[in-house]
Amino acid sequence: MTNQMDMSVFENLESAVRSYSRSFPTIFEKAKGSQLWDGEGNTYIDFFAGAGALNYGHNNDAMQEKLIDYIKSDGLLHSLDMATPARAEFLQKFNDVILKPRNMDYKVMFPGPTGTNTVESALKIARKVTGREKVITFTNAFHGMTIGALSVTGNSFKRHGAGIPLTYSIAMPFDDYMDGYDSLDYLEKMIQDGGSGIDLPAAVILETVQGEGGINAASFDWLKRVEELCRRLDIMLIVDDVQAGCGRTGTFFSFEKAGISPDVICMSKSISGSGLPMAVTLIKPEYDQWGPGEHNGTFRGNNLAFATAAEALNHWKTDEFSEAIEQKSELFLKRLNQFVEEYPELEAEVRGRGLMLGIASKKEGLAGQIAEAAFERGLIIETSGPDDEVLKMLPPLIIEEEAIVKGLDIIEESIKAVLGKEEAKV
Amino acid sequence: MTNQMDMSVFENLESAVRSYSRSFPTIFEKAKGSQLWDGEGNTYIDFFAGAGALNYGHNNDAMQEKLIDYIKSDGLLHSLDMATPARAEFLQKFNDVILKPRNMDYKVMFPGPTGTNTVESALKIARKVTGREKVITFTNAFHGMTIGALSVTGNSFKRHGAGIPLTYSIAMPFDDYMDGYDSLDYLEKMIQDGGSGIDLPAAVILETVQGEGGINAASFDWLKRVEELCRRLDIMLIVDDVQAGCGRTGTFFSFEKAGISPDVICMSKSISGSGLPMAVTLIKPEYDQWGPGEHNGTFRGNNLAFATAAEALNHWKTDEFSEAIEQKSELFLKRLNQFVEEYPELEAEVRGRGLMLGIASKKEGLAGQIAEAAFERGLIIETSGPDDEVLKMLPPLIIEEEAIVKGLDIIEESIKAVLGKEEAKV
Amino acid sequence: MTNQMDMSVFENLESAVRSYSRSFPTIFEKAKGSQLWDGEGNTYIDFFAGAGALNYGHNNDAMQEKLIDYIKSDGLLHSLDMATPARAEFLQKFNDVILKPRNMDYKVMFPGPTGTNTVESALKIARKVTGREKVITFTNAFHGMTIGALSVTGNSFKRHGAGIPLTYSIAMPFDDYMDGYDSLDYLEKMIQDGGSGIDLPAAVILETVQGEGGINAASFDWLKRVEELCRRLDIMLIVDDVQAGCGRTGTFFSFEKAGISPDVICMSKSISGSGLPMAVTLIKPEYDQWGPGEHNGTFRGNNLAFATAAEALNHWKTDEFSEAIEQKSELFLKRLNQFVEEYPELEAEVRGRGLMLGIASKKEGLAGQIAEAAFERGLIIETSGPDDEVLKMLPPLIIEEEAIVKGLDIIEESIKAVLGKEEAKV
Amino acid sequence: MTNQMDMSVFENLESAVRSYSRSFPTIFEKAKGSQLWDGEGNTYIDFFAGAGALNYGHNNDAMQEKLIDYIKSDGLLHSLDMATPARAEFLQKFNDVILKPRNMDYKVMFPGPTGTNTVESALKIARKVTGREKVITFTNAFHGMTIGALSVTGNSFKRHGAGIPLTYSIAMPFDDYMDGYDSLDYLEKMIQDGGSGIDLPAAVILETVQGEGGINAASFDWLKRVEELCRRLDIMLIVDDVQAGCGRTGTFFSFEKAGISPDVICMSKSISGSGLPMAVTLIKPEYDQWGPGEHNGTFRGNNLAFATAAEALNHWKTDEFSEAIEQKSELFLKRLNQFVEEYPELEAEVRGRGLMLGIASKKEGLAGQIAEAAFERGLIIETSGPDDEVLKMLPPLIIEEEAIVKGLDIIEESIKAVLGKEEAKV
């Protein structure tokens, strides 16, 4: 109750645009690993992980130590794109641990510390390199809130916020968008047909698993074919791995198993490891045609983020972390499939890959009610999809089995409660 | 020399877009107050302050303590727009220390942690509220690198990076852009003339002192007249106080002495106090017409930044800090005016307000040569303006008199060296 | 030969943009009904009809008389949108003969005398009325060469001529564009899905039979479903009947048999009857929300065109003309189907409706070769389609059976000649 | 009275967009030279000349004969861009009578028969040739109603009709737009300043005398300086001579006395001589980089227009016609200046050049009242300017002195009547 009163500061002073403090109306005071605590002594399991920004969990001990040491050393906190040891360490370690072992040759750009910054930089370089303007995007894509990124984003509510017509993008059906219809045959025909009205694009931008769009996982075969199409038609391929990257789907990059080699890769969210703002844009050397400072930004040198980012890369020195994600994913999937079977009233299906999972229900509003009921029972979980029809699970990748089970139990209780309420209504 | 070798990691692994590591080619290991140290034991006076992001200096003791305490408490580092004590504390303190005493009534929006994010959010809300698309911007404006913000930015090199035509903006002459010509008479005539081809805009966006554009300070009278024009023609007024705000020109908001009341205010850079990424958009309540989540972003809840931001506000509890800035400004101005007089070969003039100052030279390349020479002598200083013709001084506001004098001495030496070299050439 | 020399005036003085004088390289001196004569005494059958602008044939006697009488009477030739008896007569007769008998209630707008003018006016009013910007267009659509109309046109060569990105349009698959796939299910899903990235459009614009796009006839069922979709989603329906209208497909409006009621109808080409420049935009009264002069143009009052347009409407006083078109169409279709069967080397199919017919060949360049061979043999015929793969037949609707047979004989000879040449090559 | 009833056909059947039939509410049955007659026997002097489309007067005898002969000869009325003797004759004669004697080397493009078509083609070729998108236009410019042309048009009412944001154009102050301020210094500074926000444009488009914009005549010196600026900055210069060309200002091209050589020239309105729809775009050979058919249109071959256009060129074989225009202009100017002096209540000034003249009054609504009063007295005259503040005089160039005097007498009477009424009110 005290806590509820405290929420008034947000209601009185913050803009109406705030959203999560409405879904999760309590003040969170502490967090560790996969748990959070509010000011009233309530504990919450985290199936949300900062919308994918906390893959390594909250307040990882090693990272905390790194942060405190860095601060105590009077290292630069803010350095734009000046050289610092923290920046150098990240660059070197990212190359050694991530790029080299995967035979990937990319230049690392620090475009500003957010997902929308990396997407904007990716679109800019693709347009600059090709001299073309249009970009192919897919249904239910989400790439960010600034005008360039918003133009390639699908959600009509967010698009409407722009206040200007969003142009230079061409929306195409994502994998499996239309039952029994091959979306890439259509895409290829539209691009190659000199009469289609579709101009040859600079690039295709995609998420391998769409998070905000409703946990839609493209098949590896589809991704492979997109890449092949891009090569054949001389179109640049941008993978926005902001949410699906950093291990979220089981491998560091979400597209590794598809065996594709994007021309530009966008990373943010969990790249800093600690939830501190950071983003990188990976660009194949031949396309790194920027002039010095042609794209810049004040917060390209968040050294605390570099410090924890380097620490986080230790997870990727062996395959163990990746394997653990797969095991946890199976644990989730088994149970989620059970839910769908046992509660046919959900009219639901399971979606996703790795620890980027969802239950999509055809019943309007149901996913939201379950999320709400789960919050009351101590689980942080959100919905996604154009109609918020998907109960979206993004637990920290380091989550322990016990917490998974507990979280899933809460979901099952919440399903029961919501369905019971539904029944009661009838 | 070892240090120089170390720079190779940036050259090899980082994108060609990097710029400051070219101007200041050394690895900075430590910083405190108004000084930096590189790995070779060199000390540098800071007349740059992270391009205005470090108004309170590097590694302020109290802020460091706040950071370490926060980390040790396992407080949430990343919270999107969920409620946390750190967010609440910032909101309350910002209201109590900044808004209320100035009789300002604004809702606080956290638009994502960078300058370009706050500008994009400002443009979006202005367009949404008015239902119009075009925005008046001024010559030599700089508002950011994402497509929305870049559209209202003047610099042609940066604009070219967009790869698409930048539209929906109308560039107008800034105060004093044309000798002996009143830019606002022109602006008003163009907007009011039904035949001018200038559509009624949603908003006017401006910096009261243009930093990147060459340290051009608008007169208070001009600002007052812009506001009056906006009111009369029902146009929203956006002040981008990202660089000029947080005390840079002597008062917390750069427009306080002009007595204007912008409809939307963009803040970032030094708002966190510590150089950590953070931004806020202040919106008059009647224009806060966002739907929940209509503009969002992963890093709207950088709690370490909130913690230091609240700490930084302590500077503003009395007028002392403000008065000290004015005194330091006078110290600078006296000496800069001396330079201009004593070295007529500079063909220069002094520009700016508060501790946002510059010497603009008509001699091509001269400002850059002086900055380079100054760096060699232990001063971090950059240039700005469309042709990099302005030696730009943005020292931390907390800089001590001794450091000021030392920095100015270095500038004078550098001027002499460069002019000497110039003479030697002839 | 003399004639060939005379062509030099065009080569020397006219822009490189000229095209038909390249395909039909002779100087045409006379024309009557369905025949043309050049300066060397050659006679040509007309299967082209001014690209659909001469549905009533060349130099109709009654129209010639009307023209001469009008000129002799010193009637105004040019009157903008001032009132003249010729304009009044056209308006009244168009209402009496065309609109009223079909139970159609439309306001008649004179938007300027060309097809692209009527399309631009249609797009403008749809955007004005709905307050939305985007317009759905279809693959292989052709609507005109000015920027508004070009934006909804498919052909990439023509689009490229714009020199600016063409925006505000969304290209969707036309009827039967993708084998076995329902293009309207796709369109509906894309529009209704709040996450598709497709903004709710102001209007759908379509040709019922695409002429330039390759003689693609939409089924009446498809058209009916498009209308139903537009009604359901509150989207305006624009039918561009510039080429398919004025009886070309058998009825005055091309969509009559589909039973639809477009919100805006674009007419030009044969609306004047004589080939003189004229266009009208028909707008449902509730959408006629123009201010006086909001769209204007110097040549909205081409009175000679009004005079012959009124005369042309006499064809529509009974059903005879319509029935004759159907009979001629059958004559054509029977023979064209024969060609396709007898010459399988053509790899062709017959397309179209009424006297808007084509043979589409999969063999690259073949249609063009046949057209060229036909011209040498005295037949004016052109190709269309994105790869000029369709031999396009648009004879004057008044063409006599004898001329049809003669023209078709020439086509058959030309097919033989071209195929023979092809064989000879092998 | 019968006549008034007849107007109902327009009110009932025609779109609300009609305008001149509201200003001149009568049905015009006949016209010859500089006079019109309505159905009630009223005679009108023509100071309007079809908004500049009837420079050679109504129903010129020689042209009428040409038309009738052409029709009787069964010459092609409609020929797209096929070769016809009429087209050849025009091309040759235009070269011989107009281009060659003026040492002008241009390719002639037939872009479709209206002013907006020629402007769209000019913008397209300039963008294609330069690879740039933006075009400089001037305050109070009028270039047409299709989206490309409308984007470079100033009038806000007309712009609003577009229903989409009009972009890719940059509005700059026309000659003398701002008292005591040099608009070209400003333009040059804005283009050359790398920080102005003004992108290097493809072209500058201008009218030498703005007709719709309020009869604003640029000085020859200003035009010369614009050309020099374009050359220096590598920008294409487009002169829209649609209204000011064909002798309207005294010479065939309006810019002859300025001694400039535009890269592209747009002509329409009086180019056909008879008021029939026709337009040409003149392009310097080096910029004629169209592909065949890259810009096309159904009515590029209006042969009746070609026939009278060739006839009209006879006026230009000697200097007599030009000299006569100058004399008539003086006659007008003398009297107009008298009006301004004798009726200071008009608060007016005289504007214009040749027979493109106006009286601009500062009194709101006055010009419109005078035009209305003049119509009642038998004079066709319209207003222009952003607020319809200019009484605009565009008599046929062939007008006889007697008609001039009579028309001017009517104006004076109308002035008196309106001022009297004004006085009466007070």
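Chains here go by letter, A, B, C and D, matching the order in which they are written, and residues are numbered from 1 within each.
Assume a residue touches a chain if its C-beta (ideal position, glycine included) is under 8 Å from a C-beta of that chain, and two chains touch if they have at least 3 such contacts.
The model shown is predicted, which means the values in this text are computed figures rather than measured ones.
Asker: Which chain has its C-alpha centroid at the greatest distance from the C-alpha centroid of subunit B?
Answerer: Result for the farthest chain: C.
Asker: So using the touch definition from the top, which pair is joined by more C-beta contacts, B-D or B-C?
Answerer: B-D
Asker: Could you give the separation in Å between the centres of subunit B and subunit C, each centre being the mean of its C-alpha atoms?
Answerer: 58
Asker: In whole angstrom, what separates the CA-based centres of subunit C and subunit D?
Answerer: That gives a centre separation of 30 Å.
Asker: Just curious, how far off is subunit D from subunit B if you go by their C-alpha centres, in Å?
Answerer: 49
Asker: Residues of subunit B that contact two or more other chains, please.
Answerer: 133, 157, 164-165, 168, in rising order.
Asker: Of all residues in subunit A, which touch subunit D in the complex?
Answerer: Touch list, subunit A to subunit D: 164-165.
Asker: Spell out the part of subunit C that touches subunit A in their complex, as residue ranges.
Answerer: 133-134, 137-141, 152-157, 159, 165-171, 173, 177-178, 181, 185-186, 189-190, 193-200, 213-214, 385-387
Asker: How about subunit A: which of its residues touch subunit B in the complex?
Answerer: Residue list for subunit A touching subunit B: 6-7, 9-10, 13-22, 24-32, 36, 39, 50-54, 58-59, 64, 67-68, 71-85, 87-88, 91-92, 94-95, 107-110, 112-117, 120-121, 123-128, 131, 133, 144-149, 151, 157-158, 160-165, 168, 202, 242, 268-269, 274-277, 281, 283, 288-299, 302, 304.
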